[in-house]
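There are two complexes below, and they share chain A, which is joined by chain B in the first and by chain C in the second.
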Partner chain A sequence: MRITRSQMIKAFCSVLPFLIVIGLWELAVDINIVSSRLVPSPSLIALKFHRLITPKPILLDILCMSFYRLILGYALGVSVGISLGILMGVSKFLDRVFSPLLSLLISVPTLAWVPLLLVTLGPGEETVIIAIFLGSFFPIVYNTLNGIRSVSKHHIWASHIMGADKATVFFEVLLPGSLVSIITGLRLAIGYSWRALVGAEMLAAGISAGVGQMIYAAKAFNDVAAMFAGLVIIAIGGLLLDRLLMDPIERRTVEKWGLVKER
Partner chain B sequence: MKKVKVQAIDLNKTFGSGNDRVVAISDFNLEVKENEFTVLVGPSGCGKSTFLYMVAGFEKPTSGKILLDGKPITKPGPDRGFVFQEFVLYPWRTVLSNVTFGLEIAGVSKKAARERAMRLIEMVGLNGFENAFPHTLSGGMKQRVGIARALAYDPEVLLMDEPFGSLDAQTRKVMQGELIRIWEKMKKTVIFVTHSVIEATYLADKIIVMTARPGRVKGVIDVDLPRPRDYTGKKYLKIREKVLGLLEEEVMKSLGKTPTRAQ
Partner chain C sequence: MKVKQILRSSLLFLTPVVLLLLGWEIVATLKIINPVLISRPSEIFPLLYKMIMPKTRSFLGHSIFLDIYTSLYRLLYAFIIAVASGVGLGMLMGRNKFVYRFFDPLITVLMPIPGIAWAPIFMLWLGFGDPTIITVGALAAFFPIVYNTAAGVRSVEKKLIWSASSMGANEKTIFLKVLLPWSTPYIFTGFKLALARGWRTVIAVEMIAASLFGLGFMIFDARDYLRPSIIYAGIIVLVVIYFLIENVVKLIEKRTIEKWGMVRS
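Our next item is the complex of A and B:
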C-alpha cells in the first residue's frame, strides 16, 4: 500500500505533540528546572528501558506475566458480561432480577475489592485475574444491555413480518444491531482491565512478576526512572491493545456498515 | 365481483389508560379487494399508520378484528410485506442480502434466493448496487431496496406506510411511477398510507378518506382512471378536488378549527 501525502501529514500531526512534550521535558531536566531525582529525563527513562531489555530480557518476562493475567481476566469479563447483558436485554424478568444488584455494585471501585479477594483467594494469580474480571465486566454488561435495548422496534418488526423466529431475530437483528454499543463496552473494558491489573499486581504479594509489581518494587529503591518506565509501558500497552484489538473489529463491522464514522 | 382480501370489522384501538388514554381508531370498517390498490389518506394522527400496523400484526386491536382471507390476523407473517417510511433496511446487510433475508427465513436455497433477489433488484432499477451497503445509497434508492425486500418472498398483501414521505418531491414523483409499473407487473393487494392527496389520486384504485382522531372511514372514492395517470388531467383533478374537500374538513377539525371551505 502506498502512503499518501495526506496520510503522512496526519501521522506527523499525531506524533508532533509527543515530540514537543518530550523535548520540553528533556530540556527542563537538563537545565535543572526540575530535579532529575524526582523527575528523570526522557533519555534516562530510555536508558532504563535499555537496561530492562539487555543483557537479560527482564521486561519481556514481566510483560508476558501481566498480559497472561490481562487476557484471562478480560476474556472472563467479556464472556460473562456479554452473556448477562444479552440475557437482561431479551428478558424483562432477568433485567428486573439483576439490575438493582448491578447498579449497587458498579459504584464500587475495582481496587476496593482487592483486599477482600486477597483474604478469600490468597495473594496469588486468582486475585489479580478476578480483579481484572471485575474491572471489565461492568462496562461490558451495561453496554451490551444498552445495545440490545437500542435496537429499533421497526428493525425487529421488519424481521417478524418476514417470518423470522426468535433465533433469527436474535442473531440477525439484535446482535448486529447492538454491536456499536458492545464494541464501546469492550473498549472501555480494556482500559478498566489494565487499571485493575496494575492495581491488583501492586497489592498481591504472591505473584512472580508484573508491571504493577515492577513499579511498586521500584519504590523501595527510590528508582524513579523505573517507575516512569512502568507508566510508559502501561500507557503504550493500553493504546496498543485498543488499536490492535478493537480497531480491526470496528473497521470490519460497524464502520463498514456506516454506523460509526470512519477515523 | 372481486374477492375481499382484507377486512376490518368494528375495529377499535386505544393507547394508554386513564388520563393518558388516546383513542386512535374507533368503529373502523373497511374492505380491501384482492389485487386492488387501496390508499388511505387522513390528517396526521388519524390512526392510518396504526391501522396498517394492525394489518401487519405489529399491534393488536383493542376490540373488533381484521381478517385476511377470512381468517383473523394474530401476528406478523410472510403472507404480508411491509414498506416503512424510514426504509428500515438492515445496515449490516448489503442490498442483496437485505432482499434475500425473507427468502433465507423461508428456507429457500441460497442460489434460488440470489436469483430471485437479483431479478427484483433489477426490477426496482438497482442493478450494480447489489453489493453496496445501505448507508451508501440515497433515500430513493434505499426505498427501492425496501420495496424489493418486501416483494422478494412474494407476499399476498403489500403494506406501505408513507413509503415516499421522506423523499424529495422529484424523487417522490419518480417513485410513484415506478411503483405503479412494478405493481402492474406483480398484481398484488396493496394498502398504501399517505397524507398526500396528489399521491393518493395518482396511485389508487380506491381512496379511503379517514376522519381526524379517532380515525373512522369518512368517505370512499373510486378512482376509475387509466394508468399511467396524468397529474394535470381533467378527471384526475376533479377526483383530487373531491378527496381534498373531504380531507380538508378533517384537517381543520384536527387543528381545532371550523372548516372555511365546506359549504
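Our next item is the complex of A and C:
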C-alpha cells in the first residue's frame, strides 16, 4: 500500500495539534508557570515510560495482564450477548422473559456493580473480568436483538415459501440481515469494556498488575508522572482497539459483503 | 379496555422480575450460595424501605435522600460547567476551520478516556470531595457536548448563512437566527449523552474520591462492612433515578425542540 502525498499531509495535520500542546506544556512547566510537582512535564512522562521499559519490561507485564482480562471478559460478553440476543430475537417467550430484566439492568452504571462483585467474588481477577463482561454484554445483546428484529418479515416469509427450513432461514436470512447491527454492538462493547477494565482495576485492590491499578497505585506515592503515563496508555489503547481491531473486522465482513456503504 | 391492556403489559413486565427474585430467595434460603455474600430480596426491600423512611435510623445514620441529593447536585454542577464550556468551544469549532482542525484530533484521543481514570490526578490537584467529583464529571460530560455542537454547526448549509449575510445580517444575527436554531437538535443529543456520561462518572468518582455522602460512596462504603443488601438497595435507587432523569429529559425534548418543529427525520 503506497502512501500518497495528501494522506501524509492529513496525518501531519492531525499530529500537529499534539506537538503544539506538548510544546506549550513543556514550556509552561520549564519556566515554572505551573509547579512540576503538580503537573509533570511531557519529558518527565517520557522518562517515566523509559523507566517502565528498560531495566525490566514492567510495561509489558501491565499491558499483558490488562489485555488478558479484557479479552476474557469481552469474549464472555460476546458469546453470551450474541446467543441471548439471537434467542430473544427468535423466541417470543424468551423475549418476554428477558426483556423486562434487561431494560431494568441496562441503566445501571457498570462500575456500580463493582462493589457488589468485590463482596461476592473478592478483590481479584474474577471481579475485573465480570465487570468487563457486564460492560460489554448489554450493548451486544441490545444490538443483536435489534438487528434480528429489523429483518423484514417478508424476507422470512418468502424464504419459507420457497421451502427453506428453520436452519436455512436462520443462517441465510436472519444472520446476514442482522450482522450490521451486531457488529455495531461489538464496536460499542469494546469501548465499554475498556472503560470497565480501567475502572474495575482501580477499585479491585487484590490484582497484581494492570493499567488502572498502575494509576491507582501512583496515587499512594503522589506520582503524577505515572498517572499521566497511565492516561496516555489508556487513550492510545482505546484508540488502537477501535481502529486496529474493529476497522478490519468491519472491512472484512459487512463492507466487503456490501451490506453497508464503504466510507 | 385500556385498563385491561395496562394491566396485561405490567403483568408481563413484572412476572419475570418476580420469578427472578423468588429464585434468588430460594438460592439464598437453601444456602446454595452463602447468603452473606449474595444477600436476599427479603432483606433488601425492607432495608430499602428503612432507608427511605425518614424516621427510622438505618445503618447509614442519615436519610438516603441526602445521598441522592448530593449525587444529583454534583451532576447538575458538572453538567452546567460542561454545557457552558462545551457549547462555546463547539460553536467556535463549527465556525472556524482552524479551530476545528486544532481541537478535533485532541478530542478524538481524549474522549474515550474513562472519567474515573482522571480522578487520581484531580484528587492531587483539588483534594477530596466535591471539587474533584464535579470537575471530573464536567470533563466527562464536556466531550459529547463539544463533539455534537461542532457537528451541528458544521451541518448548517452554507447557502443559509450566505443568504442571511447577503440580506444584511451581521455575525450576531446569523448566530442567533441561523446557526443556533439549526444545530439545536444536535446540541440536545449532546446534552443527553453528556447527562448519561456525567451520571456514570459522578457515581464512579464518588467511590474513590472519599466524599462522605453520595450514592457512589454509599455503595462502595457498604463493601467495607460486607453488606451487599445496601449495595443492592443503592443499585435499585440508581435505576429509579436514572429512569426519572431520562423521562424528564424526554418531557423537555417534547416541550421544546419537538414543539418547535426542529426534529428532522
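Assume the second predicted complex is superposed on the first by the 246 of 263 C-alpha atoms of A that agree within 3 Å, B and C clash if a C-alpha of one lies under 4 Å from a C-alpha of the other, contacts with A are read in each partner's own complex, and residues count from 1 in each chain.
Just so it is clear, contacts are C-beta pairs under 8 Å (C-beta built on N, C-alpha and C of every residue); 3 or more make two chains touch, one makes a residue touch a chain.
Keep in mind that this is a model prediction, so the values were computed, not measured.
Once the two complexes are laid over each other on the shared chain, residue contacts for A:Ala218 go to chain C alone; chain B is not touched. By the touch criterion defined above, A:Phe18 reaches chain C but does not reach chain B.
When the two complexes are overlaid on their common chain A, residue A:Ser107 makes contact with chain C while staying clear of chain B.
In the superposition on chain A, A:His155 contacts chain B only, with no contact to chain C. When the shared chain is aligned, chain B comes close enough to touch A:Gly163, but chain C does not. When the shared chain is aligned, chain B comes close enough to touch A:Thr253, but chain C does not.
In the superposed pair of complexes, A:Trp194 makes contact with chain C only, with no contact to chain B. Looking at the complex, you find that chain B touches chain A at residues 56-58, 75-78, 80-82, 84, 86, 88, 90-92, 101-102, 105-106, 133-136, 153.
The touching residues of chain A, counted against chain B in their complex, run 152, 154-155, 157-165, 168, 172-173, 176-177, 179, 253, 256-259.
Residues 12-14, 16-17, 20, 37-38, 101-106, 108-110, 112-114, 116-121, 123-125, 199-200, 203-204, 207-208, 216, 219-220, 222-223, 226-228, 231-232, 234-235, 238-239, 242-243, 246 of chain C are the ones touching chain A in the complex. Against chain C, the residues of chain A that register as touching in their complex are 13-15, 17-18, 20-21, 38, 96-98, 100-101, 104-105, 107-116, 118-120, 191, 194-195, 198-199, 202-203, 212, 215-216, 218-219, 222, 224, 227-228, 230-231, 234-236, 238-239, 242.
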